[in-house]
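The two complexes that follow have chain A in common; it is paired with chain B in the first and with chain C in the second.
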Partner chain A sequence: MHRALRKNAGFFYILPALVFVGLFVFWPLGQLVYLSLTDTSLLGGGKFIGFENYFKAFEDKSFWRALWFTLKYTVFITPILMGLGFLLALLTAPNRPLRQITRGIIFLPVVIGIGSSSLLWFWLFDQQVGLFNKALIDIGLMAEPMVWFTKADPALIAVTISITWKVIGFGMLLFVAGIQSINGEIGEAALIDGGSYWQRVWYIILPLSMRVILLTTLISVIGSMLAFDQFYIMTGGNPRGQTFTSVYWIYQNSFISFKLGYGAALSIILMLIILVFSSLQVALSNRSPAT
Partner chain B sequence: MNVPKRWRAIAIAAISTVALIPGTSFAATLSIWARASSSNAAQHMIDLWNASHDDKIELTTIPDNQMVTKLATSVQSGDVPDLISFDLIFMPDFMRAGLLTDLTDVLGADPNQAKVAQAFKDLATYEGRLYGTGFTPDVSILLYNKDLFRKAGLDPEQPPKTIGQLEDFARKIRASDPNAYGYYFSGSCGGCNIFTQAPMMWASGATLLPSSADGPAMEGTGVKEVLTMLHNMWKDGIIPESAEADTGANFQATFETGTIGMQGSGGFAIAALKANHPEIDFGIAPLPGVNEGDASSFVGGDVIAVPKGSKNADLALQFIQWQLTDDAQLNGLAKNLILPSRSDLADNEFFKAEPRYVTTAQAVGIGKTPYAFHFNDMVNADQSPWLTMLQTAVFDGDVDGAIAGAQETLRSIAAQ
Partner chain C sequence: MTTLAEGTAVRRPAEYVARAAGESRPMGYLIGAVCVAISALMLAPLVLSLLASIKPPAEAHEVPPNYLPRGITFDNYLKVFDFQAGFATYLGNSLLVAALTIVLCLLLAVPAGYGLARFRIPFKEGWFILLLAPLMIPYQALLTPLYLTFSQEVFGMRLANTHLALAVVHTILQLPFSIYLMRNSFESIPRELEEAAKVDGSNSFQMLRSIFLPLVIPGIVTVALFAFITSWNEFLSALIFMSKESNFTVPIMLVSVRAGRLGAVDWGALQAGVVLSILPCVLIYVLLQKYYVAGFLNGAVK
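Showing the complex of A and B:
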C-alpha cells in the first residue's frame, strides 16, 4: 500500500492541477467541439449535424478574408512591438532612478483596459475633434484633417499605433528582465576588449535574450491573432468589412447572427491555426541558448 | 419565551385566516430587465408604479448588445426576470423561438391595447397570438439646422417634403457655406440607416425586408430613388467624407457641431440637443418620400413582454396593462418628455410647450417597423446585405447592382 502510494506520489501531487485543468480547460473545450458539430442557435435548437459547420467554414470567404487580415495585422504589428520594446528595454534596463521612472511611465498604459484605450484612440484619430490630426497638421505633416477609418491601410496603422502605445510596456518589461539576467561580466569583458555599445548589443545582449524574445514574440503573436476589442471599437470591421479579424467574425456569427454552432466551429479552426504557430515558436525557443 | 398553547393556536389560526382571504397577499418584488438605451424611460414608469403600488418593481439595466444573449441563456437556465423590455425588432425571433409568454387572452381584451401604435401590435404578433406590447417607443425623424437654412436662403419653417426637395436644400446649404454640409448619415452603420434612410424608401411604398424566402425584398418605388439621391449628394461633396466610416459613433455628434444642414435622427435628439447644445436652433420634420405627402418613420424603441418561466407572470401582466393606462402613459412618459406608445395620446398637455415633440409623437402613428426574422443578419451585422447595398450604391455608385445583390442575399437569409 505504502509502496504503491510512494510510487504514484508524483501523480497525487499533480492531481489538483489536473482536476483544475480538466474542469476549466478540457471540459469547456469538449463542449466547444460538441457545439461545433451542432446547429445550435442562441435562441435554441442544437441538432447534431456532423462536420457541416466545418465544410461551411471552408467556403466562407468572409472568414478567410478575416483570417488573412488577422495574419497581415500580426505580421505588421509584431516586429514593431518587438523592435520598439527591445530598444526601450535597452534604454531603461539599468536600475537608475530616472530610467526606472521612464520604465514606469511606458508601462502605465498596460494597466488600462483595452476597451478604454481603444475608445481613447478612436477619438484621438477623429477627423473633427481628434488631437492626432491636429498635431500632424501643426507639425506640417498633413495639410488637412484625415479620415483614418475610410481606408483599410490607414485604419490598420491607426489601430497599430493605439495597440503599440497600449502594450509596448509589457514587452519592454520582459526584455528588461531578460537583459538584467545576463551576467554583467560578459559585457565587461567585451568592453575591455574594445567592443562598442552596439557590438555588445548585437553579439551579447541579443543572443543571450533570445529565449525571452521568442517568449515575448509568442505572447504577442497569440494576442494579435486573437485581436478583437481594438477593431470592434475603432473600425467596426470597416471599411466594408476589410478590417474584420477572425475573432470579430466569430463574434459576428455567434452573437449577432446567433449561430453558436457555426461560431464554435470557426473558433476550433482558429485555435488549431494558433496551435500550429505556437508549436513552431516553442520548437524554435527550445533550440535557443539559455541566458 | 413561554407562550401558552392556547394563544399559540389562536395566533396560527389568525395568520392562516388572513392568508386565505381572497386578495390578501404579501407584497412581491418583480424584476424587469431593460436595455441601456431605454432604461431611463423605463425607470420613470417604474418609479410611478412603485409610488402607487404595494408590489414593487426592480430594474436591471442590460447593455444593448447583450440583451439577446442574456435573455436566451436565462430562459434556457430557467432563471428569468418577471418582465423584459427590449428592442421591438427582435420580437419575431423571440416569439418564434418560444421565449415569451402568450398574452393574447388578457391584452386582446384590453381596450387600451387597441390604441397602441400599430407597429408595436404588428411586431408583437406571431401566428395570430400576441406576446407583448409597446413600452418606451422612439421614432425616426428629419432633424435640420434652422440657422443653416436661413443662411442658405431657405425658410426654416418649411422643411423638405420630398426627397427631391431634400437634395435641393442640401445643395443650397453646402453652397452657402464652405464649412457646412447639406446632409449626413452614418455610412457604416446598418441599424442607424434602417432607422433613418429606410422610412424615406417605404414612405413611397417600397418593401424592404422579406419575411419569407419568396417575399418581396428591396422592391417598389423609393429604394432606387433614395439610393440615387444619396449617391448624388455623396459624389458632389454634399455629405462629409467622414460619413463613409461612421459606424454610428458620430450619429449624433456630427450634427452637434452645427455644420450639418439635415440628417435623419430620432426623437431622442430633441432632449439631447436642448440640454447640451442650446445654441443650435433646430427643427424636426417627418422623413419625406418620393412624392409630397409620402412621409413615414421607423418606429423603434422597446416592447415589453413576459419571458417564459416568469415567477410572477400574473403580476407582470398587471404592470403591462397598467402602463397602457392614460395615467401611466401621460405621467410616466409624456410628463418626462418621452413618447407614449399609445398614438391617441400624441397630442397631450405636456408636449404643448414643445411642438417638436408633437411631430415625433405623431410619427409613431404613421411609422412602420419591418417584420423580419434574422433582422440582425439582414440589417445590423457589419456586412449585412442592407448595409452592403447602401455602401455599394452610395459610395461606389452602382445602384442597380447593389439592389440586385441585396435582394438575393436577403432572400437567402429569409429562407434559413
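Showing the complex of A and C:
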C-alpha cells in the first residue's frame, strides 16, 4: 500500500484539481444537457420532454434576434479591436521610455472591471450630464447632445466605444510581444535593403505576426460572442429588447422568467457555436512554438 | 509605470521597428506627440470620473456639465460608505470571495502543477487536457446547473448565497490558467536540485515544501494576482448567485447605487463608487506590473 502510494504520488498531486473540475465543470455540464431536455423551472416542473426546448428555440424569434445582434456586435467590434490594437502595437513596440509608458497606459483599462468601466461610460454617454457628449460638441463634431441609448444602433456604437477603450490594450500587448519576438536580423536585413517603413510592416512584421493575430482574433471573438455585462449595464437590452445579446437572453429566460430548462437548451446551442471558435484556437495553439 | 516592457522583451528587442519609424527627427517628435495624445485619451475617462466623484452634488448634475470641479467635497464618498448595508459590507464580501478564490486556486493548482511537471503519471497528457478543458466551456453555460446544485442541501450544507459558492465559480474561471502557469513554473526548475534532495532521502512532499515552493513563488504571486482581479471584477455569477442584498459584491452594489432612490441617478455617488471599485486593480497593476504582464503573456495565447 505504501509503495503503491509512493509510485502514484504524481497522480495524488493532480487528484484534487481533477475532482474539482469533475465536480464543478463536467458534472454541471452533464446536468445542463439533462436540464435542456426537461421543462424545469424555478417554480417546479422537471418533466422529461425530449427535444421540445430545442424545437422551441428554433422558432423563438427573440432568441434568433439576440444571436443575430451578438453576431453584429462581434463583426463590428472585432476589426476595430484588432486593427487599432495592431497599429498601437506598432507604435509602442520599441522599448523606449515614452512608448513603454504609453503601452502601460493603454493596457491599464484591461485590469479594471467591465462592470465599473460600463458604469463609467454610461455616465460619460448620458445626454444631460455626460462629458463625452460635451467633448464631441466642444470639438465641433456634434451640435447638441446625442441620445445614445434609445435606439439600437447608437447604443451599439456607444458600447463599442466603451469596450474598445476597455480592451484595446489586450490585443495590443499580445501583438507587441509578437512583434518583439520577430528575429531582429530579419528586420535589419530589410532595413539595409531599403524600402519604406510601411513596406517592412506589410512584408515582414504582418506576415510574421499572423499566428498571434489569428489567436488574438479568436480570443476576442469568443469574448464578444459571450458579451453580457456591458449590455446589461449600459442598455438593459433596450430599446424593446433590441440589444439583448445571447448570454443576456439566456440570463433573462433562466433567471428572470425562471425557465431553466429552456435556458439550458439555449446555453447548449450557444456553447456549440463557441466550440467552433475555441477548437480553432486550440488547433492553432499547438502548432508552432509560443510567441 | 516604466517596467511594462521588461516582461515583454523576449529575445532581441525589435529596434529596427523604432529606427524605421523614427528615422528623422521631426518624425520622432510627431510620434512622441501621438504617444502623449493617445495616453491622454486613454486616461481621460479615469481622470474625469475621479474629478466627478469630488464634485458637489449641484455641480455633478449641471446641464451642460463641466470638466473640472469648482468646489471639492467628499460627500459622494460618504454617501457610498453609507449606502444601504454600508460599503464596508460589500467590500468585505468582495475581499472574502477573492481571498477564497485565491486559496482555492493555489490549493488546487500548486499540487497539480507539481504533479504534472515533476512526476511520471500514466495518461499524463490526457489528465492535463482534462484539466484545461474548462477553457472550452463558457462558464456562463454552467451557471444554471451550479445554481440548482448550490440551492440543494449537500451533507447538511446549502451553498446558495454563500461567499464560498461564488468563490467556486470564480475558481472554475481561473483554474486552467493557474494550473498551466504552475506547471510551467515547476518545469523551469533544474533537475539537479531534485536529484540532490532525492539522495538525502526526502519524500516528494518534503521536496515540494523545502526545495520547490521557494522557487515557484513568482508563479504563486501571479496566480494569486489574477485570481484576485478575476474575482474582484466578475459580474454575471455575482449577480445571479448573491441574491441577498447584504451579500452583494462591489460590482453589484454599484448597479444598485445607480438605480438610486426614486429612479434619479446620483451621478457623484456613482462615480465615487466607480473610483473605489477601480482603485485596487490600478494599484495592483502599477505595483506588480512585472508579474501581471509576464502572467498575461504566458497565459493568453497558449
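The criterion applied here is as follows: the second predicted complex is superposed on the first by the 250 of 291 C-alpha atoms of A that agree within 3 Å, B and C clash if a C-alpha of one lies under 4 Å from a C-alpha of the other, contacts with A are read in each partner's own complex, and residues count from 1 in each chain.
The rule is simple: a contact is a pair of C-beta atoms (placed from the backbone, for glycine too) under 8 Å apart; a residue touches a chain by one contact, two chains touch by 3 or more.
Keep in mind it's a predicted model, so treat the numbers as computed, not measured.
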item	value
Simultaneous placement of chain C and chain B on chain A, clash or fit	clash
Partner chain in contact with A:I256 - chain B first, chain C second, else both or neither	first
First, second, both or neither for A:I105, with chain B first and chain C second	second
First, second, both or neither for A:G115, with chain B first and chain C second	second
Chain B versus chain C as contact partner of A:Q128, first or second or both or neither	both
Partner chain in contact with A:G237 - chain B first, chain C second, else both or neither	first
Chain B versus chain C as contact partner of A:L32, first or second or both or neither	second
Contact breadth on chain A, by residue count: chain C or chain B	C
Partner chain in contact with A:L275 - chain B first, chain C second, else both or neither	second
Stretch of chain C, among 149-157, 221-229, 275-283 or 293-301, that runs into chain B once the two complexes are superposed	149-157
Footprint overlap on chain A, comparing chain B with chain C	122, 126, 128, 255
Residues of chain C defined as touching chain A within the complex	1-5, 8-23, 31-32, 34-36, 38-39, 42-43, 45-46, 48-49, 52, 60-65, 67, 104, 107-109, 111-112, 114-116, 118-122, 124, 127, 130-131, 133-138, 140-149, 168, 171-172, 175, 179, 203-204, 229, 232-236, 239-240, 251-252, 254-255, 258, 267, 270-271, 273-274, 277-278, 281-282, 284-285, 289, 292-293, 296-297, 300-302
Contact footprint of chain C on chain A as seen in their complex	6, 8-14, 16-18, 20-21, 24-25, 27-29, 31-32, 35, 40, 88, 90-109, 111-117, 119-124, 126, 128-131, 134, 137, 145, 165, 170, 173-174, 176-177, 179-184, 187-188, 190-191, 197, 200, 205, 212, 215-216, 219, 222, 226, 228-229, 232-233, 247, 250-251, 254-255, 260, 263-264, 267-268, 270-271, 274-275, 278-279, 282, 285, 290-291
Complex interface listing, chain B residues touching chain A	65, 68-69, 72, 76, 93-94, 96-99, 188-189, 241-242, 244-245, 247-250, 254, 257, 374, 376-377, 380-383, 388, 391
Chain B-touching residues of chain A, taken from the complex the two chains share	41-44, 62, 122, 126-128, 147-150, 155, 235-241, 244, 252, 255-258
